[in-house]
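Look for chain A in each of the two complexes below; its partner is chain B in the first and chain C in the second.
What follows is the complex of A and B.
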C-alpha cells in the first residue's frame, strides 16, 4: 500500500476541508472493507485518508419528520438490528443480510455500501472502469458472465451496492456534504453510468462526503430478493427490490428496481406500470418480471441473468404481499 | 508524509501501545509490533478470515483495519481465549475433533466461533456454517470444525450454572 497521511476529524466540516480537488488528493475511510482493499491493489492511491468513523453526526438511526434518517457510518449489522428498520423496511434488512459475512457486516457501513467500487475484474486488475484496451471493450469479448445485461453506453460493469435497489425502490435520498454546504440526491440518480474512465459511477465529487440516507416512512409494502450462488460472502448475480403503495389488496402504485444487472440500479418502469391497479398474484408477479427485463441486452456470456432478474422480481413481489 | 503514529489501545484486556505507520494494518501491528503472532495473515484482503479479531466486541478482519484505528479500542485476539494454561472449550473441542491440520485458519475460526457462541449459545448447524462463511479452511473440509463448535456449545451450556 502506498504511504499516506492519516486524518481523524471529529466534524463533517473538518472532514470536507481535509478532502481535495482530485481523487488522488484524499479518500474517505469508513468501514474500510473496500477502500483498504483498493489501496492494497493500488487502484486507489490517495495522499491522505480521512477517517469519518469518529464523526458523531454521521452515526445512528432516528426518525426525522416523515423519514427514517440513517447515518452514513451506521454498519450493516446495526441496520439489521434496528427496530424501526425492521418494522418499516424489510427490504433493507434482507438486502443487508445478503452480505453474508459477519465480519463485513460489522465493518461495512451504509455510506460505504453505496460508494463501494464495482467488482468488475477488469477494473480491479487496473484496466479502468470501462475496461477498455486500445479503444475496445475487454468485456465484450472477454469474461463477462457477471457483467451487465443493461449496459449504458461503454459502461458494462454492474453496480455492486446491496442496499441501493431497496433504497431506490423506497424513494430514499442521499445527503451529501461538500465545501459549499449540503445537497440532496435521489438514490436512483446518485448512481450514474460513466462515459469515460475519469468519471465515477456515483454522483459524488472528490471533496464530498455522503452523510446520511433519508428513507420516507410511507407505509409502502416492500421486499427485496437476491439470486445468489451461496449464502456466504459474495455478491448476488441479480437482485430485485419492490415497494408497493396498496389500497386494500390492489396496487395503487409500485416501484421495481433491479440490482447487479447494470452499471446503476435499474428502475423498471414498465414493470411498475404493469402492476398498477392489480392485485398481486403469482401470474401478475411473473408478468412484472417479464416487463422488468424488456430492453435487456445480454453480453456473450450472461444471458442467464435475464431469467434470474425475472425470477428476482417475481419473488420480491410475492414476498412483499405475503406480509400482513 | 507524516511520521509514525503513537496508538494507545487495549489487547485482551491489557493496555497496549505501539508506534505504527498509518498504512500498517491492525494485523501487521499485532504480529510485527506487539509480537502477538497468533493472528494469522491469509489472503490479506478480507476474504479468508484468518486474521479475524474482536474489536469493541465485534469480529472484524484485522487486515482491513488500520492499526491507527485501534486507538482507544478494545482488541481481542486468539491469545486471549485460554485462561492461563486452561484452554477455552472451543480450543479443546478443536483439538479433540482434529478440526485443524496446518492451523493457519484456526485462530480466525476460534475468535469468530467464540463471538457466535457468546451471542447465540445454541446455534443450529446451518447457523454455524453461515456465521463461519467468511473463514476459509483448505485442509479439513469444514465438517470437523462444525462438529467442534457444536461440541463446545454443548460443553459451555453444561458448564453454565
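What follows is the complex of A and C.
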C-alpha cells in the first residue's frame, strides 16, 4: 500500500478538519475491515488515514426523542447485543448477524457498513467503479452473476451494505458532519447510483463523516431476510427488509426494501402499497414479492436473482408477522 | 533376515490403535512453526511483479526506479523484452527489500510496456475454442453405435465441472539463504528429499550444497513438489543481497492463479442399457483445460470404475487456455470423471426407472473389484438408510425444501513410494527413526512412530522420529497417496534390521540364539519365556559404546507384502435443496473406504473426513471464474473463491472397511480416494431431490435455479 499519514482526532470537528477536498487526500478509518484491503490493492490511495474510533461522540446507542440513536462507530456486534435494538428492530439484528464473520462483526462499524465500497469483482480488480473498458460495460457481457438486476444507469454493482435495507425500511436517517456543520439524509436517499468512476455510491463528500443513524421507534413490525450460500462470511445474493405498521392483523402501511440487487437499496413501493389493508398470508407475501421485482431487468447471467429477491421479500414478510 | 511381515491383526499392540496425532497439540496451539512462520535472523522480503494480461509480449522493462528505492537490495527481471507471456499473473520481475512494504512499493516503480495479444481464458464452450482445441483421437472398444441402437434405453446428457484451485492455506513459497556456496532452504513442500536438489538444479549449484528442512506444511494437495521459480529467484536475490535470507511467499491472488489448478471436465455423454439395467454402451466426448498445455485425460478413466463396459467410444479434447498451469490435485482427474460418469449413470438409472443403488450393484461386474463395491454399496446404504428413505427422482412432499439421496464410487492405486529409513538404537536405550519424509497433514509422523514402536515392543514415547530434512535417508514425495505405504514399509524394515543387531548383541547374555529372541513390552526376551529377559535399557547397555544404525528400504518391485495398491470407495449423500433459493444443504455424507491394512483408524478416518469436506466445497461452491473480456481471474481472493466453512459441512460418517481380507494386502494409501466420490454423490442427491439434473457444477443458487427454470447456463 501507499505510505500514509495517520491521524487520531478526539472530536468530530478535528476529524472533519483532517479530511480533505478529494478522496486521495484522506480517508476515514473505523473498523478498517475493508479500508486496509482497498489500500493494499491500491484502489484507495489516501495520503492520510483519520482514525475516528477514539471520538467519544460517535460511540454508543441510546434513546433520543422518538428515535434510537446509533453512533457511527458502534460495532455490528454491539448492535446485535443491544437490548433496545433487539426489542425494537429484529430486522437490524438479523441483517448484522448475516455478516457471518465474528471478526468483522467485532471490528466493523455501523457507519462503515453504510459507507463500504461495492464488492463488484471488476471494481476490486482495478477496472473502476463502473467497470467499463473503451466505453463498454465489462459487466453486461461478462461475469455478472452477483451484479444488479435493477438498472440504475451505468452502474451495475450492487450496494454491499448489510444494514441499509433494514434501516431504509425503518425510515432511518443518517447524520453527516462536514466543515459547515451537520446535515441529515434519509438512509434510502443516502445511497446514489454513480454515473462516473469518480463519484461515490453514497451521498458523502470527501470531507464529511457519518456520525450517527437515527431510527424512529415507531413500533413497526420488522424483519429482514438474506439469501446466502455460506453459513460463515459470505455476501448475500439478495436480501429484503420490511417494516409494517399494523392495525390488529391488518397492514396499515408498509415499507419494503431490497438489498444486493442494485447499486442502491431498492425501495419497492409497488409491493408496499399492495400490502396496505391486507393481512399477511403466504399468498399475500408471495404477491408482494412478485410486485417487488416488477421493474427488474436482469443481466445476461443473473436472471436467477429475480427469484431470490422475490423469495427474500416473501420470507421477510412472513418473519415479520411471525413475531408477537 | 528378520521376518518383516506385519504382525497378525490380533497381536498388534500399537498399530491399529486410535492414537491421536503426535503433532495435534502443537498445531492446534500454534506452537508448530510452518516454514512461512520461519524468519531467520536478518530476513528480508521478496515480492513478485505479476503480468496484468492473459497473453502478451514484453516490449520493454525498466527497473531503474525500483533499484534506486531505498531499502531495495535486489531486482531481477524474469521476463526479458521479447518474452511471450501466456497467462495472467505470470511473473515479470522479482524484488527483495528490507521490508515487504518496500518490496511491494518497488514493484509499482517497475515500468513494463506490453504488446497485448489475443487470448482465450474460458473453455466451457468447445465450439469457441477454435485452434486452441486439440482432439486426442478416438478410443473404441466393441461396437458402441450398434450397442446404442439396440439398447432398450439410451440417455444423452451434458455435464460440466469447472476449474478449481488447490487453495493451500499456507501459500507456496520459501525462505532461502544463499551465502558462499551453501544454501539454506526452508520451503513449503510435499517433497523434502527432492526439493533441495530441484533448487540446486535451478541455481546451478551441486545438489549437496542445498540443505532443505521443513517441520510442517500447511497444505499442498499435489501442488508443492518443486522449488519453483519463486524458490530459485529467492535464492538469487539472497545472493545478490549479501547472503541475507529472503522470504518469498505468494499472496492469495497469485496462489489462486499461478500455483496450480485442477482442470475442468465438460462432456457430452451417451450411454445405453438393457431393460434389466445392464449397461451395454458408453460414448463420450469430453474436453477440459489445464492451462496452455491443454489437459490430457487418460481414456482408460472413462467410463470411470465401470471400465469393462463391452462397447465404448471415448473422445477427449484438450483446450489450451491462457490460464495458470495445472498441477496434480488430490487424485488427479478422478473427482471430475467420477462426477461425469456417476451423474450420467444416475440419469440412465432414472430413465430406466431403477433405484441407482440397484443399478450400480447390477453393473458392479463391469468393475475390477465387484465384491468390494457390492459390499461397500450395501454398507453405505445401511448407514444412510437408503432403502427406507430413497424416493424416485423429485421429492414430491409439499413446501420449498426438497430432500434427496445420491451415491457415487471411486478408485485409486496408492502403492508405497520408494523410501529409505535409518533406525538407530543407542546404548542408553534411546531410539531414533530417521527418514527424509514429510507429514503433509496426513499423520505420517504418528504412523511411522506406531510402526517403530510396534516393531520394537516399545511405547510411542520411546521413539524419537526425525523427518523433514534432505540430509536424512531419502523418501519419495508425498503424492499419489504413496507415502503411508512407503514409509511404513521402510521404517518396519529398518527398525527390524536394527532390532536384529540388538538381538545379536544380547543373545549371549540371555543364553539363546539371536533368532530365538523377541521384543515385547519393553523387554528383550527368549521367545515364549518371559522369565529369560532383559529390560530394553539393560539390553541396550550391552552395546557398550556402539550405536546400532541400520537401514531399510521399501522396494517398489518387491514390497514384501507390506504395502499394496488399488482400492475402491463408495460415498452416499443426503441433501436438502431449497427450490425457492437454489441453496443446497448437505445433511449427511457417508463414506465407505477400503484401504488395506490400517495403521491408525482415527487418522485414516481423518483423511476421509478431509477428503469429503474438499468434495463438499467443490460440489457446492468452488470455481475459478475467468473473464473473457479482461482475461483476468475475477475471484482471486477468498471472498468469491468460496470454500465451505464449519457450518456448511453437515454430518459426515466414515466407515473404514477393516476386514482380514483387506488387512492381509498390507498398507494402501487413502488420502486421494477419500475425496473422489463426494462431488458426484452430492450432485446425484441434489438431482434426486429436485427432479432435474444441474448439469454444471458447482451447485450454487444460480446453477440450481437455472436448471429448475430450464434456463441454459450463461
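By definition in this document, the second predicted complex is superposed on the first by the 324 of 324 C-alpha atoms of A that agree within 3 Å, B and C clash if a C-alpha of one lies under 4 Å from a C-alpha of the other, contacts with A are read in each partner's own complex, and residues count from 1 in each chain.
Quick note on the criterion: a contact is a pair of C-beta atoms (placed from the backbone, for glycine too) under 8 Å apart; a residue touches a chain by one contact, two chains touch by 3 or more.
Predicted model, so just to flag it, every value in this text is computed and none were measured.
Enquirer: Where does A:273 make contact in the superposed view: on chain B (first), on chain C (second), on both, or on neither?
Expert: neither
Enquirer: Looking at the overlay, what does A:175 touch: chain B (first), chain C (second), both, or neither?
Expert: After superposition on chain A, A:175 lies in contact with neither partner.
Enquirer: Touch check for A:253: first (chain B), second (chain C), both, or neither?
Expert: neither
Enquirer: According to the stated criteria, A:24 is in contact with first (chain B), second (chain C), both, or neither; which is it?
Expert: A:24 sits against neither chain B nor chain C.
Enquirer: I'd like to know which partner A:122 touches here: chain B for first, chain C for second, both or neither.
Expert: In the superposition, A:122 contacts chain C only.
Enquirer: Per the contact definition in the header, classify A:1: touching chain B only (first), chain C only (second), both, or neither.
Expert: It touches chain B and chain C both.
Enquirer: Who does A:152 touch here: chain B (first), chain C (second), both, or neither?
Expert: After superposition on chain A, A:152 lies in contact with neither partner.
Enquirer: Contact-wise, after the overlay, does A:231 reach chain B, chain C, both or neither (first, second, both, neither)?
Expert: The answer is both, since A:231 touches chain B and chain C.
Enquirer: Can you give me the overlap between the chain B contact set and the chain C contact set on chain A?
Expert: Touching chain B and chain C on chain A: residues 1-3, 230-233.
Enquirer: Okay, in this complex, where on chain A does chain B touch?
Expert: Answer in residue numbers: 1-6, 8, 29, 32-33, 36-37, 39-40, 49, 51, 53, 77, 100-104, 106-107, 230-233.
Enquirer: Spell out the residues on chain A that touch chain C in their complex, using ranges where they run on.
Expert: That would be residues 1-3, 42, 119, 121-122, 124-125, 127, 133, 138, 141-143, 145-146, 227-235, 237, 300-304, 307-308, 311, 314 of chain A.
Enquirer: Show me the residue ranges of chain B that touch chain A in the complex, using the header's touch definition.
Expert: The contact residues of chain B facing chain A are 1-2, 5, 21-23, 25, 44-47, 49, 52, 58-61, 63-66, 68-69, 71, 112, 115-116, 130-131, 133-134.
Enquirer: Spell out the part of chain C that touches chain A in their complex, as residue ranges.
Expert: 101, 104-105, 108, 580-583, 620-621, 625, 627-630, 632, 634-637, 639-640, 642, 644-648, 700-702, 705-706, 709, 711, 714
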